[in-house]
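Here's the structure we're looking at; comments come further down.
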Amino acid sequence: MAIKTFIEAIRDGIREEMTRDENVILLGEDVGKKGGVFLATDGLWAEFGDDRVIDTPLTESQIIGTSIGAAIGGLRPIAEIQFADFIHPAFNQLVSEAARLRYRSNNGYSAPMVVRAPYGGGVHGALYHSQSVEAFYTHVPGLKVVIPSTPYDAKGLLRSCIRDDDPVLFFEHKKMYRSVRGDVPDGEYTVPLGKAQVTHPGSQVTVIAYGLMAHYALEAADRVAEDGISVEVVDLRTLRPLDKETVLDSVRKTGKCLVVYEDNRFGGYGAEVAATVAEEAFDYLDGPVTRIAGPDVPGVPYNHVLEDWFMVNPEKIVAGIRKLAAY
Amino acid sequence: MAVSERSAASGSKKPAASASKKPLAASSKGPLGADLGLTTEDLLEMYRLVALARAVDERMWILNRAGRIPFVISGQGHEGAQVGVAWALEKGKDWVAPFYRSIATCLTFGMSPRDIMTAQYATASDPSSGGRQMPGHYGSHEHNIVSVSSPVATQLLHAVGLALAAKIRKTGQVALTMMGEGSSNQGDVHEGLNFAAIHKLPFVFVVENNGYAISVPLARQVAGSSVALRAAGYGIPGVTVDGSDVLACYAAARTAIARARAGEGPSLIECKVTRLTGHSSDDQQTKYRSAEELLADKSLDPVPKFRAQLVKAGILTSEAEERIGAAIKAAVHDATEFAEAQPDPDPSTAMKWVYAEDWPSETPPPWGFGDDDVAPVADAVDPSPADGVPVAADGAPAEAGH
Amino acid sequence: MAIKTFIEAIRDGIREEMTRDENVILLGEDVGKKGGVFLATDGLWAEFGDDRVIDTPLTESQIIGTSIGAAIGGLRPIAEIQFADFIHPAFNQLVSEAARLRYRSNNGYSAPMVVRAPYGGGVHGALYHSQSVEAFYTHVPGLKVVIPSTPYDAKGLLRSCIRDDDPVLFFEHKKMYRSVRGDVPDGEYTVPLGKAQVTHPGSQVTVIAYGLMAHYALEAADRVAEDGISVEVVDLRTLRPLDKETVLDSVRKTGKCLVVYEDNRFGGYGAEVAATVAEEAFDYLDGPVTRIAGPDVPGVPYNHVLEDWFMVNPEKIVAGIRKLAAY
Amino acid sequence: MAVSERSAASGSKKPAASASKKPLAASSKGPLGADLGLTTEDLLEMYRLVALARAVDERMWILNRAGRIPFVISGQGHEGAQVGVAWALEKGKDWVAPFYRSIATCLTFGMSPRDIMTAQYATASDPSSGGRQMPGHYGSHEHNIVSVSSPVATQLLHAVGLALAAKIRKTGQVALTMMGEGSSNQGDVHEGLNFAAIHKLPFVFVVENNGYAISVPLARQVAGSSVALRAAGYGIPGVTVDGSDVLACYAAARTAIARARAGEGPSLIECKVTRLTGHSSDDQQTKYRSAEELLADKSLDPVPKFRAQLVKAGILTSEAEERIGAAIKAAVHDATEFAEAQPDPDPSTAMKWVYAEDWPSETPPPWGFGDDDVAPVADAVDPSPADGVPVAADGAPAEAGH
């Protein structure tokens, strides 16, 4: 057991899986000598060499498309997209190809691969270095989407993703890389895909969140506890397949549900969660399923005044919880 | 041999070491194909494949006109290039990522007429997709034929990825892909050629240039009008071949494949072919191609050309032709009968293989699979006029392209 | 006034706008001599010539990216994407560029352009010629998304889109091109963006739909009327900006809401509508906001047995209405 | 003149008709620049721009180290190519779609040091984005400079679209874009060059090749190692120029622009430059570039080179140098003071310009704009440790690239 930062846990997870299975390769922009712009892959090129740690040209569609082919050819590619914002040029390869290969070939082919990408705002990244892009991919049957919030989960889930037989998108909140620390055991543990976790038990309001928002939700839960509001926080961890059971169990117990996400509100991932809860837990609801999410502007603005306005934070969640609790 | 080399990489012209078991010819004299290491049996089998592909294709159109299958996308005019190129690969070892006109490629690489025909009928047993994809979207894991999708050019990157895997895993495999000249303008082609060339991957890119992308002619598709010329920009060889010349296509592919297998990197082959049919059964090509042009293009038909070549060389005797013709006729008949009799997919399988496993939270729709009483599944959804706004059963567009 | 098919109304709308404003141009694959694979632009190349009706190469990102530049340069491009399924290679240009140009330049630049694309299933188009792609774009602030259901609306809305100062995606259900007919007046009328329409007044259940589903909803409303269930059908017409007022007014009246869409259910556009209704009309709800939508498989399968299974149809909507009405 | 022509299109070598008002030289004799039609005043102004861009850039780094601005992305090493190229355009008429290193381009094309500096400070008055974008994302509608975004290479298609509009509307404008060599591998570049070449659009593509895309060297980025060579694949001229030679860059651009304006179609110019700084203020380039290489690259610095050239030619007298130097110093000082004093954007403007109009259903978040009592806006969101999992205020990554 050791205390690790979020990014260390990810790096360790990659390294250990590459050691375990020589078919696991790493490719992306600057992942080699530089070790990635966030240093997530620092040292791996020195350790595993040119063949298994590949600095690709600046071509995201190629990174994903080549990974699909390499996966068909027996490798287990981990593709790094430098920023989630730059995954868009690969949209066609992900949605038309990776997601559909198994279904369209009636299980003749599949593309087991992991696409890692740093996402999220609050780091002065502005419109194009702050995006949450999960909603585009959680909508696509055939893709799995994972967003961990702790070093423990990050490592355990990443292991599961690499061993999974389907394409998985693994989004890492870049603000958490060095600021989030936590216990990580030494052994070869995994965290299963498709399982949410109740990270803070409570009885009056369920808050559903993931990624950085899972931390902010915990903090908001602590703050309103002082006012006597008991909050249950569910950290989704895997966004697709969604662990409906854990979510619905919690809401059926508390009767109130706040869905928190950092992405633009309209049509964001939380809309699906809210709609599902509103439909399937209707008889249990004592208040409207409410969403606290990013404002509907085209990206997080740069200037810190505007960025602060944009970002969902514990205080904004607290306000949402209070309003819902008082309903 | 109608191969005009426009090689940019110096390594491309030296005789490449062959990893295949076919003998390399010592000279260009001797019987037809001997300089390429092709035996009489090889040539007859190549002819059989060209003619078989054509026969299967023609049957598809007949079935379409008879209302048996709703859609055809054809390889007519491309067969010579496809058989010539695919013949140079090692069947069962190498990889091919084909496109929707690749009937002859797939037949050469191991798929059967039944496999092709069940795809037209979209039967449960269709090995390409189990009836899930439109006809033309072939694929076979058994035969190393990558599953075809519709968005053009995406498969190039998959072939490049297969080549990367082959290089890293040291399997000695080559990955080859093909597409039309219009498709070659997609961004993925640029990105893939660049990556393959940087890493000297065992990869071959074949462009089957038929002069049209649906209705848009070459001059409006390909600036410079030559795809082969683009190879030099990546430092790799690019050649243009007469795609109705089966042996020229074979020769060009053999060179490129040997180069790839030797670790010298990718090549580009542009085969000039003709599209003898409309783009698909939904297309009226007379709207954009003149009668004269269509007539003139018939002279580029690879089937009579290859036949005449083999007859002239004394290889395709009338006895052989008769034998092959009869076998093809029987095979096409068998494939049609077989496909006609195969059942449709069972709707209860419709949610299978979204993922490797079934996920409890990926739930079926409220109407289940038509086998329970949640809601009846309409046998044929032909809504009658609603509010003066009729939605006809034949809403399928007359001109739906591919 | 004349009876026109859906596709005729679209073609007329394009022609009349091109006649009105010489800055309106048309570009896309096969839109010229062939008149488009559905013949939506038939005759326009002959009428307006090579400069204003451009057969592009087979390159969707170029079609969109060039349109953005042309719009900056003073043209009003109408870009046709041959099938909505093939809009994916242009995702980056649409989401990163068209949607954000105005915001990121603080109103210095904008990209007034219309992207037309046939979408939808039920025509034996299989995975790649049947997709509904609206959810990917309705999520993106800066883009407008329009899906008309009648010839009248198609023409009137298309006019508004062409004259609009922002990028608009205009999706046309291909099954409706020749099967849907309706009255279209002769004059230069427009239908405003951002306004839904109650196409069938009722009191017990609100059904919200758009495109082909708006027709099926009407048909379902007629059928259940025989059982004495009074349904109000809201045809959204513009998906973004969403006309919340019309939607919420209806649901607050009926107390029950069924959202119908053809796209995959999970994370589809209807999730946003359902979540909005569940949150903002909570006090009025007498039953769960329910969704009837396409199953969560990666595309409409080809074989007619599977396709029939996939497609939402009037009977499936009827079942949904009955269940909700009985709640 | 270090221009090595690798022209593929025959039309590219004839002397192009110039639509600009600058006189064309009759011969290559005479004072420096005369053969290019450049006057002494032109050369001094070009020098001022090169030196000004450098001075502004250096100030940015100082401000960054002083903690005044959080991020710098630099044009150092690229200024000569940028001024040479942009000088050949018609200011106020032509279009330029720049990239994040284009400080000198933007200054040459009309933006002021204040404009550049307010972008660094992200002030409300920043003309590029009103403080919404990261530094480096310049743009000015007033000066026909297209707004820069972050995803690389997208702007090429915008410039091609501008060229299309210019052609259709017969405005006589030329559209020029630039990017790094790594970016030139994006699919959009292939698609855009192809389209521009087919339609002979008045378009010029400039690649500022500094040998690295962040840490990845040319050989791993560009197969064949020459972007200029790729032009031939589209049937357009492609040339490689020494990017530290201002006049060579000007000459190449002048030829390309004249060709474009004459309706002869696009050209590609690859300027070989050097990146004198790390990729950005977040990058440690010593990790992947040797000390020797970094030292050697200093000799490619365009600023001393251009200075020496002008001094030697007797154009940059010590008096002129002093005058220009003082003006630059004053301008940089003024721009910094100005930007320092400018206010931040008002959060109540944050939802402006999503669309041309405000839509009633596009509602602000529950916390409003910080000016009402719906919920307080935290001044600084520095959450303290939650459940043993601290989220630090300095969560911003040390190595966030651009």
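Each chain gets a letter, A, B, C and D, in the order it is written, and its residues are counted from 1.
Note that in this section a contact is a pair of C-beta atoms (placed from the backbone, for glycine too) under 8 Å apart; a residue touches a chain by one contact, two chains touch by 3 or more.
Everything quoted here is computed from the prediction, not taken from an experiment.
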item	value
For chain D, the least number of touch steps when starting out from chain B	1
Chain separated most widely from chain B, comparing mean CA positions	D
C-D compared against A-D, more contacting pairs	A-D
Cα-centroid distance, chain A relative to chain B, in whole angstrom	39
Between chain A and chain D, centroid-to-centroid distance (C-alpha), Å	35
CA centroid of chain A to CA centroid of chain C, Å	30
Chain A: positions in contact with at least two other chains	56-57, 59, 61, 85, 88-89, 92, 96, 100, 103-104, 127-128, 141-142, 242, 266, 296-298
Sites on chain B at which at least two other chains make contact	129, 132-133, 137, 149-151, 185-188, 191, 194-195, 198, 220-222, 354, 362
Chain D residues within the chain C interface of the complex	95, 97, 126-130, 132-133, 137, 139-141, 146-147, 149-151, 154, 156-169, 173, 175, 187-188, 191-192, 194-195, 198-199, 352-356, 359-362
Chain A - residues contacting chain D, complex	29-30, 32-39, 55-59, 61, 82-83, 85-86, 88-89, 118, 122-129, 150, 174-182, 199-200, 212, 215-216, 218-219, 222, 265-266, 292-298, 301-306, 308-311, 313-316, 319-320, 323
Chain A-facing residues of chain C, complex	85, 88-89, 91-92, 95-96, 99-100, 103-104, 127-128, 135-136, 138-142, 240, 242, 264, 266-272, 274-275, 278-280, 282, 285, 287-291, 296-299
Chain D residues touching chain B - in the complex, by the definition given at the top	8, 185-191, 193-198, 219-225, 229-236
Chain B residues within the chain C interface of the complex	70-71, 122-123, 129, 131-134, 137, 149-152, 182-183, 185-188, 213-216, 220-222, 282-283, 287-288, 344-347, 350-351, 354, 362-367, 369-370, 374-381, 383-384, 386-402
